[in-house]
Structures are given as C-alpha cells and as structure tokens.
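The two complexes that follow have chain A in common; it is paired with chain B in the first and with chain C in the second.
After this line comes the complex of A and B, so read on.
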C-alpha cells in the first residue's frame, strides 16, 4: 500500500466522519420537533445508529486504502474468525436492505435482470448483482472483495450468488457447509464437521489477510459478539412491557449493527445505550404506538420499502408489531457463543439459525414468543424471495389459528422487490385483519 | 323523507356499486345497483342523490362505506372492509355462522364466520384475477356469450375440456385457441368454470373443512358455479337471496348498529 494511498484514505475517513457527525446532529435537532398523530416519539438514539451504520460503510470504502483485506459474507457467516484476522467484513444482504429502504433496489435489480438474471431469483441477490454491474450504491462505494464467504445456513441461493461474485471479482470463495438441523439439536458429528471446516479455513484466511490468528484475539471478538447478541436480545425482551417501547419495525432498522458489526466494541456500546433509552421509555410510559391496543408478531424478513407505511397503518388502529422471528434470530443464539471455545461454539451457533432448522422449530418459536410477549395475532409475510423462510407458513398459520387461537394473516410480498407488492390488496387484507382482531 | 329508512350501506366494488337502505329492524327497504365507474366520487354523489330521492335523509341517517372505493366516500360515517360487511350481511340472512364464499369482480374471499357472526379467519386471492368474476367475464365477453347465459350453457354439457392456464389473460387465449381447433363451446365453458372453482376450493381448504357453504357476489347468480362448487368440495352450497348486495347490506347493518348505539 502506497503512503499516498494511506494519506488519501485517512483524509477521506476524516471528512466522511465529520459529514456523518454533522448529519447526525441535524437529525437530532429535527427529531426534537418531530410529532406524529399515532406513533410514539422516535428513539433519541436513531440518528446515532444511522451515523454508526454510515461510518461502517465509510470505513468499508477506505479499508483497502488503509491496507485491510475485505471479505464479503452472507448474513449467517461465522464472522468472528474473519474479524480476528482483521478482515473488513461487508454484508451484501445488509447493503440490499439499505437499497430497499432507500427505494433504489428496483433499478439495481433491473440491471441484473437485463444481464439475464431471472426475476425468480432472490431480490437481495439481484440487488447485489445489479449493484456490482452498475457500480451504483447509496453508500458511496463498496470495496472489491479479497475473499467471499458463503455459509449455507440461511439458504442455498447464496451458493450460486457467491459463485457469480467469485467469477465477477476473480476472488476466492470460501464455502461453509452447515447441514440442516432436522431435530432439536445438531448432532455432534455435524458440529465437528463445521468446526473442522473452520479450522481448515484458517491457513487460507491467514494467507489472504496476511495476519496470523491469535487465540486471544479470537476470544475477544467472540466475547464482544456474545455480549452484543445478549444486549440485542434484552432490547427485544423489553417489549414484554406494555406498551411496547420499540416496535419490531424499529427493530428492523436497529438490528443493522448486530448483523454487520457483530464483534465490534462499538456495537456493544450502542446496544447498552439503546437498552438504557428503552428503560427510560418504559419508566415514562412511552410506547412505539401512542395508544397500544393490539400486539402482533411478524414472521419473515420485513418489506423494506414499506416499513413506514406499515407502522402508520397499524398504528392508526392502535396495533403494534411487538416481536418478529427475524430480529429474534440475531439474539436467540447468544447463549451458544462460548468465547473460551470459539471455533467449536461458532460451529454450533452457525448451525442453529432459524432458517437451518425445521418448520416445527419455527412454529414452536412463534408460540413461545406469543406467550412471552402476550401477543394477539400474527402476520406471516410470505416473502417471494425467501423460500426457506416462507415454506411451511400455510401450515404454521393454520396451527396458530386453530390450535393456538391466534388470528394469523398470510401477506404475500417480497422483501426488496416492490413489483411484487400489490398495494390495494395488502391494504385491504391488513384492514380486514385488524377488524378481525376486534376492539 | 322516509322515516322507515334508518341506515345506509354503500359498497363501491371494482365491477359494480351498490347502495342499500334498511329499516329499524334491519330489513332491506331500498337498494340500487349499477356498473362501477372510474370516477368513484362522481358516482358516489349520484348514488347518494338517488338515496335522497328514495327518502334517505343522509344528514341524519348514518352511511357506512365498504368495497375498494370505500375511502373515497366522503359522506361515510365509517368505512369498514368487505370482509366484515359480508360476514355481517350473510349472518343476518343465514344465522349461525359458516363459511362464506364471495366471488367478486376483482377478488374472491372465503370468510369463516363463527356462530356469533364474528370473522375468525379469511382468505383472499392474491394479486391475480384467476378465481374471480373477471376471469369468467373476460372470457365470456371474448366469446360473445352474455353473462346471464353462462351458467345455463355450462350446465348443458356433461363433457369438459380442461383449461390449464390459471392466468385470466392466458386462459382467454387458451379458450380461443381451443375453439379455433374445433372444440365445442359448452365443454370449454365447463372447463373454464372448473378451473375457477378449483382455485376457490383450495382457498376454502386453507380456511377449513366445512359441510356447507354460503355463496355471494355477482358470480353466485351463475348456477354452474354453485353446482360445480358442490361437486368439487362435497359441501352443500346455499346462495344468498341478494348475492350482489351482501356487502352493502352488511355495511347498512353496521350503520344501523351505530345508529342504535347513539340512541
């Protein structure tokens, strides 16, 4: 890395951070005057979260200039190992969500479709491929990957998506195969199998990063990841309180650090502050919705380009999304992380995400959440792009309705592709569902 | 003004607009139905004028609006979805709850109503007009068959030509190409009805098994739909006496409840 490159990167970081800080201060000023007829006041920390995420993408942009190697990874990749080896980790799925909320995903997907990628493919994959092909992104610039890591614990699409990326960037692809967990727990041989893959990957990762793996560093990262995941779980569990201080819709935004900055000290600090703010909201009786009447569970990814509309539509009727299986997935595995046995516990943790387990497990999770959070009903987002998450929802809906006495609505949409969203139909179903929930 | 008319319901659907006025006992005293127009607000103004001429004093009579255009009805005291209104209307006609199949112009609904008349579950066709009135209407129009003759012609054939396309647009092309290849009209129509009814049967199964079905919506006037639905589901089908008015009637009953609560 040339000295001049480093100077440019440092200057870019300095200026970028200053701009993000200024944006945060302005947002904080605006937030003080913020008023809404049905929603509760926004989180005071929201502008800080935006700054944190903005800084992450800013640092990503200048990471190569500062001599760091960049890894693009799937959302279920064992990131602790990569962080311990000083990789700068970039999550194309999170970037996809940013494109979705910024409502630029459709244009990017069309770039991918024009290049021959079918509309039947996952909208995150199409957004990402469209971004690579066009170079367009709302986060400034995404650095080229020196390494790609795909873990099969969320879906099989990532295998093919990352092979495409590997070809586009001529970058090495590390595949972590996580066998599906059919019963309550992954068998010992599956844990051993994944652990061995991680161990065997270490020399390759060291060679690419140019950094040797230190046990102490790996333990530290795992400890930070565990603490952040525990704090995130606590954040969500604050919604056992009525009124719920933070809606699941807000959680969809607030979850960015636990996904893409897990293992960083800033993430631990942020969630500790968020928890304190939620406790303050609870003490002052502040809810996500001003007049909470009904509490719902959301299943599946959010509809990124309609978050605000959904919050307002539900809020007008005193309905709040209190919990979601999606945000829960980033906290529920915290107990499995063992910093003293980082590789073995990573193998176990990354075998057990909700998407790598059976539909019965998801049903049991939903039932538990209904009890824990005292919920009145469930919205199951049948996500055209995410088949592993959506499979089984028809039966789950039936079981929740008949055996568990909770009204459940199946809502067809797509997490990132607005062309799969039928505005009038969704509004009508939601309205009818809210009426069905009763007074 | 006619004191007997105590409450009004207006159902602004995708194919037709209906207005119903009920008396204190909740009986239909006046109604009007006409094809839906693109300028919803103008049509609503005309319909409320008609109601006024029939003796409804809208300054004192509550009106509840339902249907896709409900939010454009400015005079409405309240807007309520078709799901709730259909349940309310059909419950009044056939007390004791049940499974209602409403086949409208733009969507089909299956509503599970408990014995007390509350909606406990519902299913609707998603994003696609297959399984709706439009599916039959489009094809009938292309074939030059009057909607009122559709049921009779369908039932006149025991033969059936299967239609494989579920998409309304593609089914229309398929029907035309079958006829061009020499297939007879009646068996093709029977196949077309079968396709619609099968989609409905799948929706009914998603809501729950039942031994009897209630049927409403404009398509309920087509006898072939009721008959094939019985064949397909094994359930007895009872058709509403005013199949197209069930939603507007339910809306009027909701309005009547509001009126009663005020008093």
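After this line comes the complex of A and C, so read on.
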C-alpha cells in the first residue's frame, strides 16, 4: 500500500467520522423533541448506534487503503478467527438489511433480475448481487473482498450466493460446512468436522491476511464476542418487565453491532450502555408503547421496509412485539462460547444456531420464550426469501394454537422485497389477529 | 428392412416396490439427490427414489408447506400423506437444499409418518475432511439402519453390495455415453436411465447390458441438445422435444447425469462409499464451483455434439437458479446457445415451456 494511499484513507476516515458525529448530534437534538401518540420515547442511544454502524461501513470503505484485507462473510460465520487475523469483516446480509430499511433494495434487486437472477431467489442475495453489478449502495462504497466465507449454518442459500460472488470477484471462497442438527444436539462427528474445517482454514487465512494467528489474540476476540453476546441477551431479557422497555422492532435495529461487530470492544461498550438505559427506562416505567396491553413474539426475519408501520399499527392497539426468535438467536448461544478453547467451542457454537436446528427445536424455543416473556400470541412471518426459517411454521402455528393456547398468525411477506408485501392483506390479517387477542 | 428393436419392457416403480415387499423384502423411499444405495441394500432395504412424483394431489402438502417450496418437495410430502409411500418401511431424506432439509425436519418433528424417517447430511465440499465426515455420517446412518432392520451385515456383505452397485453405475455411465446411438426415443431412453432409481442393481444390470448391445453405429437424426436441470418431468416436455425433432445427446440432470459416480478403492467400506458419492460430476447441491459446472457443460456439449443446452428446472429451485445467469453467459461465450425453462411438476401441459422449446429447436435447426 502506497504512502499516498494511506494518507488518503486516513483523511477520508477522519472526515467521515466527523460527518457521522455531526449527524449523531443532530439526531440527538431531534430526538429530544420527538413525540408520538402511541409509541414510547425513542432510545437515547439510537443515534449512537447509527453512528457506530455508520463508522463500521466507513472503516470498511477505507480498510484496503489502510492495508487491511477484507472478508465478506455470512451472518453466521465464525468471525472470531477472521478478526484475530485482522481481516476487516463485511456482512452482505447486514448491508441488505440497510438497503431494505433505506428502501433502496427494490432497485438493486431489479438490477440483479435484469442480469438473469430469478425473483424466486433470496432477496438479500438479489440485493447484494444488484449492488455488486451496479456499484450502488447507501453506505458509500463497499470494498472488494479478498476472501469470501460462507458458513451453511443459516441456510444453503448462502453457499449458492457466495459461489456467484466468488466468480464475480475471482476471490477465494472458504466454506465452513455445518451439518444440519435434526435431533437434540449435533453428533460428535459433526462437531469434529467443523472444528477441523476451522483448523484447516488457518493457513489459508494467514496467507491471505499476511498475519500469523496468535492464540492470545484469538482468545481475546472470543472473550469479547462472548461478553457482547451475553450483554445482548441481557438487553433482550429486560423485556421480561412490563411494560417492555424495548420492542423487538427496535431490537432488529439494535442487533446490528452483535452481528457485524461481534468481537470488537466497541460492541461490548455499546451494549453495556444500552443495558443501563433500559434499566433507567424500567425504573421510570417507560415502555416501547405507551399503553402496553398485549405482548407478542415475532418469528423470522423482520420485514425491513415496514418496521415503523408495523410498530405503529400494533402500538395503536397497545400491542408490542416483546421478543423475537431472530434477535434471540444472537444471544442464546453465548454460554457455549469458551474463550479458553476458542476453536472447539466455536465449532459447537456455530453448529447450534436456531436456523441450523430442527423445526421441533424452534417450536420448543418459542414455547420457552412465551413463558419467559409472558406473551399473549405469536406472529410468524412466513418469509418467502428464507425457507429454513419459514418451513415448519404451518405446523408450529398449529401447535402453538392447539396445544399451547396462544393465538398465532402466519403473515406472508418477504424480508427485503416490498413487491411481495400485500399491504391491504397484511393490514386485514393483522387487524383480525389483534381482535382475536381480546381486550 | 429390419424393424427397430423394441425398448426394454420395464416395470413400474410402484410394482417393483410391492413385488419386493411381497417377497418379504423391505423398501426404503429415498428422496433426492445423492444416497448410498449399497448401504441400504446391505441392510436389506430396496431403495426406491421419490422425485416428486408429478401429478399428485398437491393439497395434502399445503397443510405443512408454503407455496414457495418447490414441487419436488411438496409433491413428495403430498404423495406420502396420500398413502403413496405406505409401501415403504423407511424414508431416507438426503440433505440437498433448504427445502429438503425442511421436509426432513417436519417429517421427524411433526408429520410422524408410519415409516421411520432418517436424514443424511451430505457435505458441500470435496476436501479430505468432507470425505471423512461423510464416512462418519454413513457409519451413523448404518447404526440407525441396524436398529430399524435388526440386521447386521458384515464388512464383506457391504463390500459385495458396493461392488454390485458400482457395476450398475458403470453400465449407467456407458448408457449415457451411447445414448445418442440407441434406437429409441428420448422418452424411452429416460425411462431406461431412470429405472436405476428403483430397479435392484441385479435387475438393472442385465437390462443395461441388453440395451448396450442395441447400440447402433450412428447417432439418431435430429437437433442434438444437452439437457440440464433437475428432473425431466412432466413427461410432456420430453414428448415435445421429440415432436420438434430434438435429440438429447448429453445429460446434466440431477436425477441422471449428475449421479455418474466413480469407483473408489478405499479399503474402508464407509470411506469407499463416501468417496464415490462425492465423485459425481459438478453439482451445486454439493457446492461445486460454477466454473466447474460450466467447464463440465462445455466439455459435455463438445463431446456429444450438442448444439444447444436446455436448462430445465423446477420453479423455486435455488441451487439451479443461482447458477443460471453465469452458466448461460459462459455457454454463450463459447457459442453454445441455451434456454432456461421453469416448470411445476403438476403442470402436465406446460404450454409456455413447450412453445419456447419449439422456438429454441427451430433456432438451432
């Protein structure tokens, strides 16, 4: 990397950080005047979270200029190893979510579709491919990957998608294959298989990054990842209180650091502050909605382009989404992470996310969460773009209703493609469901 | 002038299963794509594959699966729920994609069919660790098969089964090589090739040998094409190809051409099975790079003399759909035109697909 390049990158970072700080200060000023007829006051920390995520993408942009290698990874990838080797880690799924909330995903997907990628493919993948093909992104610029890492613990789709990226960028693709766990726990040979893949990946990663793996550094990153995951779990568990201080819809926004900055000290600091703010809200009786009446569980990815609408629609009826299996997934595995045995525990941890486990396990998780958070019903987002999450929901819904006495609604949509969102139909079904919840 | 020899008379899948049961045998219904036939045979199960099937009452599956799940998986569940798999003692669900994963999971957790359901995870790579894992996975499957069958085959029994299946696979590969010179139509040839999905190897072998003796000196007349995709259903499409003068000279279908496994000589029977299962032509469900698929298609087209490629896919099939744009662009760059057709298995007369095939054939001719 040339000296001139480094100077340019540093200058860009400096200016970008200053702009993000200014944006945060303005957002904090606006938030003080914020009023809503049904929703509770926003989190004071929200502008800081946006700044944190903004800085992540800013640093991504200038990472190559500062001599860092860039890895594009799937959201369930064992990122600790990459961070310990000083890769800058970029999450196309998170970028997809940013495009979804910014409502620019549709245009990007159409770019991919024009290039021959079917509308039946995952909308995150289409958003990402459209971004690569067009160069358009709301985060400024995404650096080219020096490495792609696809871990199959969230779906097989990511491997099909990353194979496409590998050809587009002519970048090496590292596969971490995590056999699906049909029964209670992954068998020993599956744990050994994942551990071996991680161990065998080290020489390749060292060669690309130019950095040797140090055991102490890996332990530190694992420790930070564990602490952040524990704090995130505590954040969600604060919703055992009534009224719930943070809705699951807000959690969808607040989860960005635990996904894309897991293993960073800033993430630990941020969630510690968030926890303190939630405790303050609990002490002051501040809820996510002003008059909490019914508490619901959300299953599956959010509908990124309708978060606010959903919060308001539910809030008008005193209904709050208190918990979600999706946000829960980023905290529930914290006890499995063992910084003293980072690779072995990573193998076990990354085999067991909810998406890599059977449909019966998800039902059991939902039942546990219903009890834990004292929930009145469930909305199951039947997400056209996420088959691993959605297949099984019809049976899960039936059992929640029949065996567990909780009303459950199956809501057809797509997490990133607004063309699959039937506005009137969703409104009607939500209205009927809310009525069914009773007074 | 000698009349053309009649194509081999093949029993129906269902009749083979019932006849096997009537003889006191056990039947394993096996879902797509890659499965260890020899292992099932060693435990006394006759594997009968279930690719859909087409034209079943799909409403049964609607009680469990969303409409955006592919019709191979949806139909398999409908078929099971309507009693179509009552003949089976066992349902084996290899893990090929998210939809098959979901099917296996809901069968185990919610549907609870009478037959025992066993999943099998197939690794997505071909590294040494993938072979070792698959060998372990097959050992674990063997333990479950033992529990279901109460049979304990010896190592020699297993090797014998492996050898018999390898012989059948060798002949299947030969049939693919000479397919253009067989004196029958493509619907008839696919009937023969796909009988490997349900005939016991010892019955498939003499049929294949007799067929190979019918190999003629010259290829059949027609516009030569290569067929890629998942499964040649509904059969109306094969009939349509014949009617417009197209001859399938090469095959990259998941149910046929992607399952031409090579022999392994590993001294451990489970590793031998694993190496062989991972040795087939490039396959997206096994994680093969797209460039390997493209190279394979180009090589296949060159070797067979195909003038074009028909990608014949089932709607919602992600493994196929992700690869299509780059495969088609790569083929185009090599001067090989292609067409992508999407169908639903229950659409017995997919008019739009048939019209497009006709136009493609005219263009090639």
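To be clear about the criterion, the second predicted complex is superposed on the first by the 439 of 439 C-alpha atoms of A that agree within 3 Å, B and C clash if a C-alpha of one lies under 4 Å from a C-alpha of the other, contacts with A are read in each partner's own complex, and residues count from 1 in each chain.
Assume a contact is a pair of C-beta atoms (placed from the backbone, for glycine too) under 8 Å apart; a residue touches a chain by one contact, two chains touch by 3 or more.
Predicted, not measured: the structure shown is a model, and the values here were computed from it.
Peer 1: After the overlay on chain A, what do you see for chain B versus chain C, clash or fit?
Peer 2: Partners fit side by side after overlay.
Peer 1: Examine A:388 and indicate which partner it touches, taking first as chain B and second as chain C; both and neither are also allowed.
Peer 2: So A:388 only meets chain C here.
Peer 1: After superposition on the shared chain, which partner residues are touched by A:401: those of chain B (first), chain C (second), both, or neither?
Peer 2: first
Peer 1: So, does A:5 touch the first partner chain B, the second partner chain C, both, or neither?
Peer 2: Neither: A:5 stays clear of chain B and chain C.
Peer 1: Name the chain, either chain B or chain C, that contacts more residues of chain A.
Peer 2: The partner with more contacted residues on chain A is C.
Peer 1: Should A:190 be classified as contacting the first partner (chain B), the second (chain C), both, or neither?
Peer 2: second
Peer 1: For A:424, is the partner it touches chain B (first), chain C (second), both, or none of the two (neither)?
Peer 2: Only chain B is touched by A:424; chain C is not.
Peer 1: According to the stated criteria, A:41 is in contact with first (chain B), second (chain C), both, or neither; which is it?
Peer 2: neither
Peer 1: Quick one: is A:167 in contact with chain B, with chain C, with both, or with neither? Answer first, second, both or neither.
Peer 2: second
Peer 1: Look at A:435 in the shared chain and tell me whether it touches chain B only, chain C only, both, or neither; answer first, second, both or neither.
Peer 2: Touch status of A:435: first partner only.
Peer 1: Tell me which partner A:64 touches in the superposition: chain B (first), chain C (second), both or neither.
Peer 2: A:64 sits against neither chain B nor chain C.
Peer 1: Using only C-alpha centres after the superposition, what angle do chain B and chain C make about chain A, to the nearest 10 degrees?
Peer 2: 70
Peer 1: With both complexes overlaid on chain A, what's the closest CA-to-CA approach of chain B to chain C, in Å?
Peer 2: 6
Peer 1: Across the two complexes, find the residues of chain A that touch chain B and also touch chain C.
Peer 2: Shared contact residues on chain A: 394, 412.
Peer 1: Going by the contact rule set out above, which residues of chain A touch chain C in the complex?
Peer 2: Counting only chain A, the residues touching chain C are 115-118, 120-122, 125, 152, 155-157, 159-161, 163-164, 166-167, 173, 175, 177, 179-180, 182-183, 187, 189-190, 192-193, 196-197, 200, 358-360, 363, 382, 384, 387-388, 390-395, 399, 412.
Peer 1: Could you list, by residue number, the parts of chain C that touch chain A in their complex?
Peer 2: So the residues of chain C touching chain A come out as 63-66, 68-69, 95, 97-99, 101-106, 108-111, 119, 121, 123-125, 127, 129-130, 132-133, 136-137, 140, 284-285, 287, 289-291, 315-316, 318-319, 321-326, 328-329, 342.
Peer 1: Provide the residue numbers of chain B that touch chain A in the complex, in ascending order.
Peer 2: So the residues of chain B touching chain A come out as 68, 80-84, 107, 118-124, 126-127, 206, 208.
Peer 1: Taking the complex as given, what residues does chain A use to touch chain B?
Peer 2: My answer: residues 394, 398, 401-402, 407, 410, 412, 422, 424-425, 428-429, 431-432, 435-436, 438.
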